[in-house]
Each structure stands twice: as structure tokens, then as C-alpha cells.
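Below is one structure; the comments refer to it alone.
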Amino acid sequence: MEKNNLRVPGFGRRGFLSGSSLLLTGALLGASEEMEGEPEPVAATPQDAPQTKETLLADLVTANHILQDQGVVDGYGHVSVRNPTNPNHFYISRWLAPDLVTPSDIVELDLDCVPVNGDTRKLYSERWIHSEIYRVRPDVKSIVHTHAPTVVVMGTIGEPLLPVYHMGGFIGTGLPTFDIRKSFGMTNMLINDAPKGKALAQTLADRPGALMRGHGGITVGNSIMHSVGRSVYLKINAEMHLQAGGRKIETLAPEEARLAEAGNQEFPKDWDLWKRQVMAKK
Amino acid sequence: MEKNNLRVPGFGRRGFLSGSSLLLTGALLGASEEMEGEPEPVAATPQDAPQTKETLLADLVTANHILQDQGVVDGYGHVSVRNPTNPNHFYISRWLAPDLVTPSDIVELDLDCVPVNGDTRKLYSERWIHSEIYRVRPDVKSIVHTHAPTVVVMGTIGEPLLPVYHMGGFIGTGLPTFDIRKSFGMTNMLINDAPKGKALAQTLADRPGALMRGHGGITVGNSIMHSVGRSVYLKINAEMHLQAGGRKIETLAPEEARLAEAGNQEFPKDWDLWKRQVMAKK
Amino acid sequence: MEKNNLRVPGFGRRGFLSGSSLLLTGALLGASEEMEGEPEPVAATPQDAPQTKETLLADLVTANHILQDQGVVDGYGHVSVRNPTNPNHFYISRWLAPDLVTPSDIVELDLDCVPVNGDTRKLYSERWIHSEIYRVRPDVKSIVHTHAPTVVVMGTIGEPLLPVYHMGGFIGTGLPTFDIRKSFGMTNMLINDAPKGKALAQTLADRPGALMRGHGGITVGNSIMHSVGRSVYLKINAEMHLQAGGRKIETLAPEEARLAEAGNQEFPKDWDLWKRQVMAKK
Amino acid sequence: MEKNNLRVPGFGRRGFLSGSSLLLTGALLGASEEMEGEPEPVAATPQDAPQTKETLLADLVTANHILQDQGVVDGYGHVSVRNPTNPNHFYISRWLAPDLVTPSDIVELDLDCVPVNGDTRKLYSERWIHSEIYRVRPDVKSIVHTHAPTVVVMGTIGEPLLPVYHMGGFIGTGLPTFDIRKSFGMTNMLINDAPKGKALAQTLADRPGALMRGHGGITVGNSIMHSVGRSVYLKINAEMHLQAGGRKIETLAPEEARLAEAGNQEFPKDWDLWKRQVMAKK
């Protein structure tokens, strides 16, 4: 069982936290879906103390397993996290199916996707999804790339994906759809170089995620827990949209979505549950 | 394995019973789905003898696990039971994902959601769903709050959810849909204070459940087993409605629904099966 | 592991066989889906030797577990088999969820549903589904009653369920739908007495199964394996129909269905697979 | 755990490789979905060295288990591989549900489906699907026959199945649908002799797969890994098509599909993941 790092600070767009750390902080500050505000008698930890690299990478490994268990990724798809001590670097697994990822598989890349430590192992060709978004989005600390079927479908039917319920609040007034053909003509659909990554980042703009026509989607967040939570609820929200079978859905009003998102920061209770589920299967 | 409390009586809207007790009583009285009436030679137990607090809380814990296993709740959602010895109190878990709940996590609240025993642990912000319904519905002994996707969808497409089959009989001529916007304008969709709880209870009226637009739903019952059974069949019935894909469904006539419900009181066989399934996974 | 009874005969509408026995016979005679005809060098067994009561009841127990594992039944639903030595009796579990059934739970009833051996244990109130079909269908040796959701839905949308593929061949030109309201007005939908059983049997006529509006369905067969196989493929075929979402389906022509069914007698390979799957979970 | 045969070469349409061998080669050559090209420091192996019969049959066994685990086959369906040392022979299991297949169950047949070694065990009646395609398609090294429900449905609704996303690139501009009635009138739908096999092969032409109306489908490939990967993505792509519920789908342009397919040769990462999943269940 992973040992939770209790030296964990605040949360928000300034620093970022591991899932388990944030859960604790969430408990401290009431930063759960339910914006409690009630005090919680647990051991206090200093606010905004950076977590260790070791626990960060442990959370990245867990994220890979959670995403596979939750059906967000399968043999394809990936998750990364920005290096908290050097914003021009990020961590991601080497080329490997997510369920296999262990801490020794994590590589550190710069924003040109060059391995920082001379690592020569094979990398995901779509690493430019990550580098180019980190380049232009200083607020983003973690990114998930998904091939979940319902997310793929939503990128192809020309209907906006809107929040069906409060857990999808971050979807707001909709997510942009990146269509690689617009800028690059006929391709194999992959974001396998810097120009394509830049184009995707441009489509993403300041939004929490984007659909990718004929490919899948991405979500971004303040932390691993945040991007992972958003990717799961993106998938669930897409499923709900398709279950409605073309009927008109009374989706959240923009202000409801905004308020709901504010109450769902980071999804700590989900992370904890999903982590338990993957650990039970080891 | 839980030890069944055999000191358990009849059933009905006056007292209430743990799932396992009710099963036995159901066997005694033929109060199964199938309104048998045949005598069953088992040890007699006194009618309406209250069960112990210990077995009640054990059933509440089991209910949490069943609901998670059945997909009625995930990281979110909750179940409560009214205190049989003090109708102004109810039991619910502290703020925790349902699969983690153990007897020591159960707190006792009054109808203002104040912990009875000075418990200072964090609570569900939506505890007012429970308190305000117990306040105005003396017949209700247990409440389940769900985010099951098909139930969420049914609350957004403007079509009445009617009983597709006899196990959904309690749905009767339909369930009310609570839309928080009508009374509270733009919110984060959560029932996180007494006024919102009262509004939901008002929409619920005397019905067995309600949908909550953009959020999920609730079911109520005579007992834990009753509210839990209803929540599962609400989900299944919603799935069936959506599987029909917009076609006209020949749903139960109101009288059929009423008669079917009378035969499905408490769902004892289901509870037993679902409990076995969660215990097998421990 | 169950010991296969090798004293097993032919197959067809005259006698009937346990699943495993039939598999062997199927291998002998090529009576598989694939109408092989190739000789199989296994130990020969005498044709039409009746199996033992012990192996028959073991197969009935296995059928209960298979049906629950395959989603044909849940807490509700049941399977029975006619007594090969007395056609006016049949075997069925006492009132119990199918996953719990063991050989000692099997009761023997006559066609008035009176226990043959003075058994006083509680019975399924819908046992008249079985008795009344056995009464008028001498060819039927086993019956399954299902609440599978897609089967329920197909009984309510007014579209004929036709064979989408060859494994559904037995559906032929469609199955009748029993609507209890036509003969009995408003009821709780249950077949809980002889008149209702007779009405259902009348609707079933000489067909391999029937839908029951607002309730579920039934399948019948030459053997346990046959009725069980048909119930699973009824469910799958209903799923396919609903997946097509209202589009026109090019279903099997009546002659194709007839020929396909002839090649799928008894589903021996399926029974064996499904039995392996339930045994692996014990 | 299977011992990987490292004596493995390049890939392409000339020779063919076991799944694990190809993975390694894929790593060597960057022949993954993501067309990497980066060097990978692993033990070099000679290009195009044929693997052993033992490892080939081990991969065929694994393929059977993967296909059952992935829902491509159930009690029915099969996979074969051409003999790399004699193109007029192929390997396939004897008549057996795929989950049971072990190396000793593999038989070697010639293109008239005659067992090469005098094996007298019962065979799949649809072995002519395999023999007749091998006969006219020298490029094909492996074939999968599926009854996956969504694939069955796609063969009956008269809508072309097109690639919804890049993993379905091999579908190209669509797959042919074989309707047995056109050449053979009313049948039991089975490809149970050489003429029917030849007709199916004629419909397949030079395509990577075909749908079979009222029956299921087939995929072919350069290797076991290739045909298996295609069968899984055929199923997923069919699911996506049906999830779109009749809406217009912006499918891949023909050139996008072609380019995407070039990048997805052989699906090595998938094979490895699926193999891990079946081995974990043993």
C-alpha cells in the first residue's frame, strides 16, 4: 500500500498536489464536492508545502492504473504531470500500456519533448499533446489523453457535449472539438509532432478539455487528480448524452455549471475510491 | 458474516426492520414479491419487536456496500435510516465513499442535522436531503440518494418515467422531478441546506421517490431494504426506458402498478442476494 | 466438479438429457450447432438410456447458477425440468434466489403444484407457469422464466422480436406476447394461480417461448440445456434488436430460421462453457 | 508465463510473427501505432527469422483466450493461422469453445480441410471460412470468425460500417457484407462446405474483413496479432456506430483511414495488454 505523504499544502491553481495529499487537504478545507466548511480534526499539515518527487511519481503511476481501470484508456492513452520544481519539464511514462506503468517507467521531458536525463527509451509519439499544452497553459499541471469510445463518438456527431449533471460542471458551455484535417489535411490523426500539438493547444485554448474528431479527447487540470477526475466525468457525461438517444436534454445552465464545478474541485473522494479499486486488484 | 437478529416481527409502515429480519418475517408471512400465504415452518418471532441498534447499523453499513456494488452510488450518494427509538433522529455515514463505510463511521443526527453525540467529523453536505424528508414524512424510515447515470438522464429529458414492469410498480403513475432552479435560481445543484431540503421534500410529497434534474434522484421506504430495493429498481426501470430508445412503451396501468407494488414490498429476496454478492467480494 | 453421467442416449423430443450428457451425445451424433456428422472416437453409450435422478437434479442446480451468471435471472426467475419417469411431475427449486439453489432445495411437484413428497417449504408463487405448460405440452421437458431487462422491454414496445442471427433461429417468425390484462384485467402481473398459468400456456401454444408484457418472458425446451440455451439467446437477440435502435433489421427468413434452429439443437457447447464459468467462480 | 521467442525479424506481408515477437520487432522498428522511429536499446534479433512452431501454436492458443476475453467470440467463433513453412496448410483448434483451447487441441489442415496428420477429432464445420480464404489470399496469414453482437447487428441494418476513429482505420471505405442467401438461397447460415467458403472469400475479395448477414463477421491479417487486433477494433467500431444511434457520423476520410491503418499495423501494444489480462485470470 502506498504511504500517503502528509506534508501537503493548499490547493488551487498555484501549486498542485498528489491525489492523496489533496484528499487530506480537501478534508481540512472542505474542498470536496460538497463545499462543507466544517472543521475536521486531523493532523494539520503546512499549507503549500511541495510534495516530494517520489510521491508525485507514485500518484502518476496510480493515475495510469486508475485510468485503465475506469475505461478512460486501454492500450492507448496517457497521463502526464508538470514538474512542480521546473515548469518547463513534465513527467510521463515511456511508451507502455498504462496498466504496466511503474515508477521506473516515468521519464522527464522538456517542452521540446527531449528527455531531461538522456533517457533513450521509446516514448509516446503523441507526447506533443502534453508538451505543447504545458507550453501555453501555465495553469495546467496535468493532462490526460483518452480514447474512451463514447468520447470518440461525441467528437464525430456534430452535437455539442454539455453538462448533463453537476459532476460534468467543468464542461461548462461545451468543449471545443479539434479536427486535425482543418490545419493538416489528410493525416493518420495522430498528434505526433510539435506543430500538431500547437494546433491542438490552440483549439483547447483556456478550456478544461477538448474532443478530437476521429480520435478521442483530452482533459487538463490543476493536478493529476483533477485531470483524471475530469477525464472520467467527461466519459460518463458523454455516455449520458448518448443514452438520451437524440432527445433534447435539459443540460446545466452556464451559471449552474460554473457553480457546480467550483464545488467539484479536484474530485478527492473519487480519486480515493478509484485508487482503492485498483489496489484491490493487485 | 453478520449474525442475523432473529428478534424481529412483522413489517409494514409502523415499525421497520433490518433486511435480514424482514426476510425472515417475509418468509413467515409470505410477504415476498409473490404474496404466497403458505405457512412456513420456521422459528416464530414476536411481531414488531424492535431490532437492536447494532443490527440496524450493520444493515446500514451493508446497504452502503450494496448500493455501491449495484451501481446506485459511486463515490457519491448516500443512504440513511431513521432511529426507531427516536423518530427525530436518523443514522447516516459521515462524509465517506459508501464502499468504505463501517459501523464506526455512522453518525446520529437530529432533524437539524446536528450530531446527537457531539461528533465533529465531516458530514455529507447533502444531509438535508435526509433530515427534511424525515421531518415531513413520518412513514419514511430510510432514504437513498443516487447519481446512477440512467436516473440522471431521466431527470433531464422531459419524459415521465413510468413502470415498464412489475418490479417498478412503486413508480406508479410517475415520479416527480425536482428542479432546484425553480425555487433557488442558479445554484451548484446541491441540497446543501435546510431550505433546499424542504423544497425537495415538498416536491417529493407522498411519493416513493423523485428525480432531481441535473443531479440524480432519491427513493424512500419503510426500511433500509425498501429504500435500497426501490433505488435499484428505479435504476433498472430507467435503463429499460432508455433502451426502448424513444419508442412508445406499454407501461403498467396505474392499477397494475399499485397491485404489483403491493406484492413487491421490501424486496427481501433481492436484499439477500445483493448482500451475498458484496460479502463474497470481501 | 460434477461427474458426467455417461449413460446417455439420443436426443430429440422423445426423451431428454442432462446438459453434459447431451454434449457427449451431440459429439457422438454431430448434433452441435454445426451439424458435423464426423465420427468422434469416444466411449459409446447406449442410446436413450435414461440418466439418473441425481445427475438430472445436479443439472437443474447448475442451470439455476448459469441463468444467474448469464443475467437471465436475478433474484427472480426460475427453471424447472419434467420428471423423466413420471411426466405428471416436475422438479423446481423451492422459493429461493437462483444462485443459492443446491440439490436439497429441489422439490417435486405434480401438475397441480402439490409437492409430491409432502414438502412444506415455501414455493415460487409463479410455479403455475411451469405446471400448466407441462400439462398441455408433452414435448416440453424444461422451462425457464426470465426477467432479463431487454426481454422485458421487447414485451412492451409492440414490435415483433425476430431472429437477428442464426443463434436466435428458434424465434422463427416471432414469439407470442402474453398480456395478462386481456383475460384477467388489472392484476399484479404474476402468474400465481392455475387459471393464469393456463392462459399463458394457451398464448405460448406450440412455440419455443413467449414474451410477457410488463413482466419478462419464458422459454421451453427438450431439456434443461435446451430451455436454458434458448433463454440466453432470447436475451441476446432482444439486445441486438434494441441496439439497432429502431432501424429496419434484415432478420432471418422463416426458412433460414428453421434451418438454423435445426443446427443449433440444445446448445451443447454453450452449456459446457457457461457451466465452466460458474464453476470457476465457486 | 510464455517464453517469448526472440528469434524474430521484421514484419510485413512477407513473413509473419507471433504477437510477442512482433511486439519486440515493433519496438525495434517503431512499428507501433505511433510510427516512432526512435531507436530502442534491446537485444537485436535477426530480421525475418521464422519463429518456431511451438511459439506459433502458443500464440494461437493465446489468441483463442484473448478473443473470448475480449467478447469477440463466445462459445462460437474461431481463429486460425497459416503454416509459415507450408502455405497450403493452416492451424486451427479442433471443435472446442475457445476458452478451452490448449496446444494439444490444435490440428493442422490442408486447404481441403483434411487433417494433415490423420487427426480424427471433430472439427469446426465452418473451417471452410479459413481454408477458402487462405486459398485465394496469399497475403493472409491469420483469420478470425466472430459472432460479436454489435458486429452481427451491423450486418443486418443496411448501413455501411465506416471507421469512426483511427483504430478502425483498416475498415477504410467500408467492409463488404456477405449474404449467403444470394448464392445459396435458404440455408442454416453456416459456411459448412467449400462452395460456401469460396463464395465468402469472393465477397471478402482483397479487404481486411467482411460482415456476414445474420451471422457475424470475419477479419484477416498478416499475423495472429493482426487478425485478432482487427477483430477487436471491428467490434469497438461497430459499437460506436450503434451508440451514435442513427445520427450522421463524421467518419474518417479514405486517406485518413489509409494513413491511420499504416500507423496501426499489428496492434502490438494491444496484444500484450490483452495477453496480460487473460494470463491474470488463470
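As written, the chain order gives the labels A, B, C and D, with residue 1 at the start of each chain.
Convention: a residue touches a chain if its C-beta (ideal position, glycine included) is under 8 Å from a C-beta of that chain, and two chains touch if they have at least 3 such contacts.
This is a predicted model, so every value here is computed, not measured.
Q: Compared with chain B, which chain's mean CA position is the farthest off?
A: Most remote chain from chain B, centroid-wise, comes out as D.
Q: With touch defined as above, tell me whether chain B and chain C contact each other through largely the same residue numbers, more than half shared, or through different ones.
A: At the contact between chain B and chain C, which are copies of one sequence, the residues are largely different (under half shared).
Q: Approximately how many whole Å separate the CA-defined centres of chain B and chain D?
A: 48
Q: Using Cα averages as centroids, what's the distance between chain A and chain B in whole Å?
A: That gives a centre separation of 34 Å.
Q: Which whole number of Å gives the spacing of the CA centres of chain C and chain D?
A: Once rounded, the distance between the two centres reads 34 Å.
Q: Mark out which residues of chain B touch at least two other chains, giving numbers and ranges.
A: Expected reply: 245-246.
Q: What are all the touching pairs of chains?
A: In this structure, the chains touch in these pairs: A-B, A-D, B-C, C-D.
Q: For chain C, which residues are in contact with chain B within the complex?
A: That would be residues 74-76, 95, 97, 99-100, 120-126, 147, 149-150, 152-153, 156-159, 181, 186-190, 192, 213-216, 242, 245-246 of chain C.
Q: Quick one: which bits of chain C touch chain D in the complex? Just the residue numbers, please.
A: Going by the criterion above, the answer is residues 27, 30, 32-36, 38-41, 163-167, 169, 236, 239-240, 243-253, 255-256, 259-260, 262-263, 267, 269-270, 272-274, 276.
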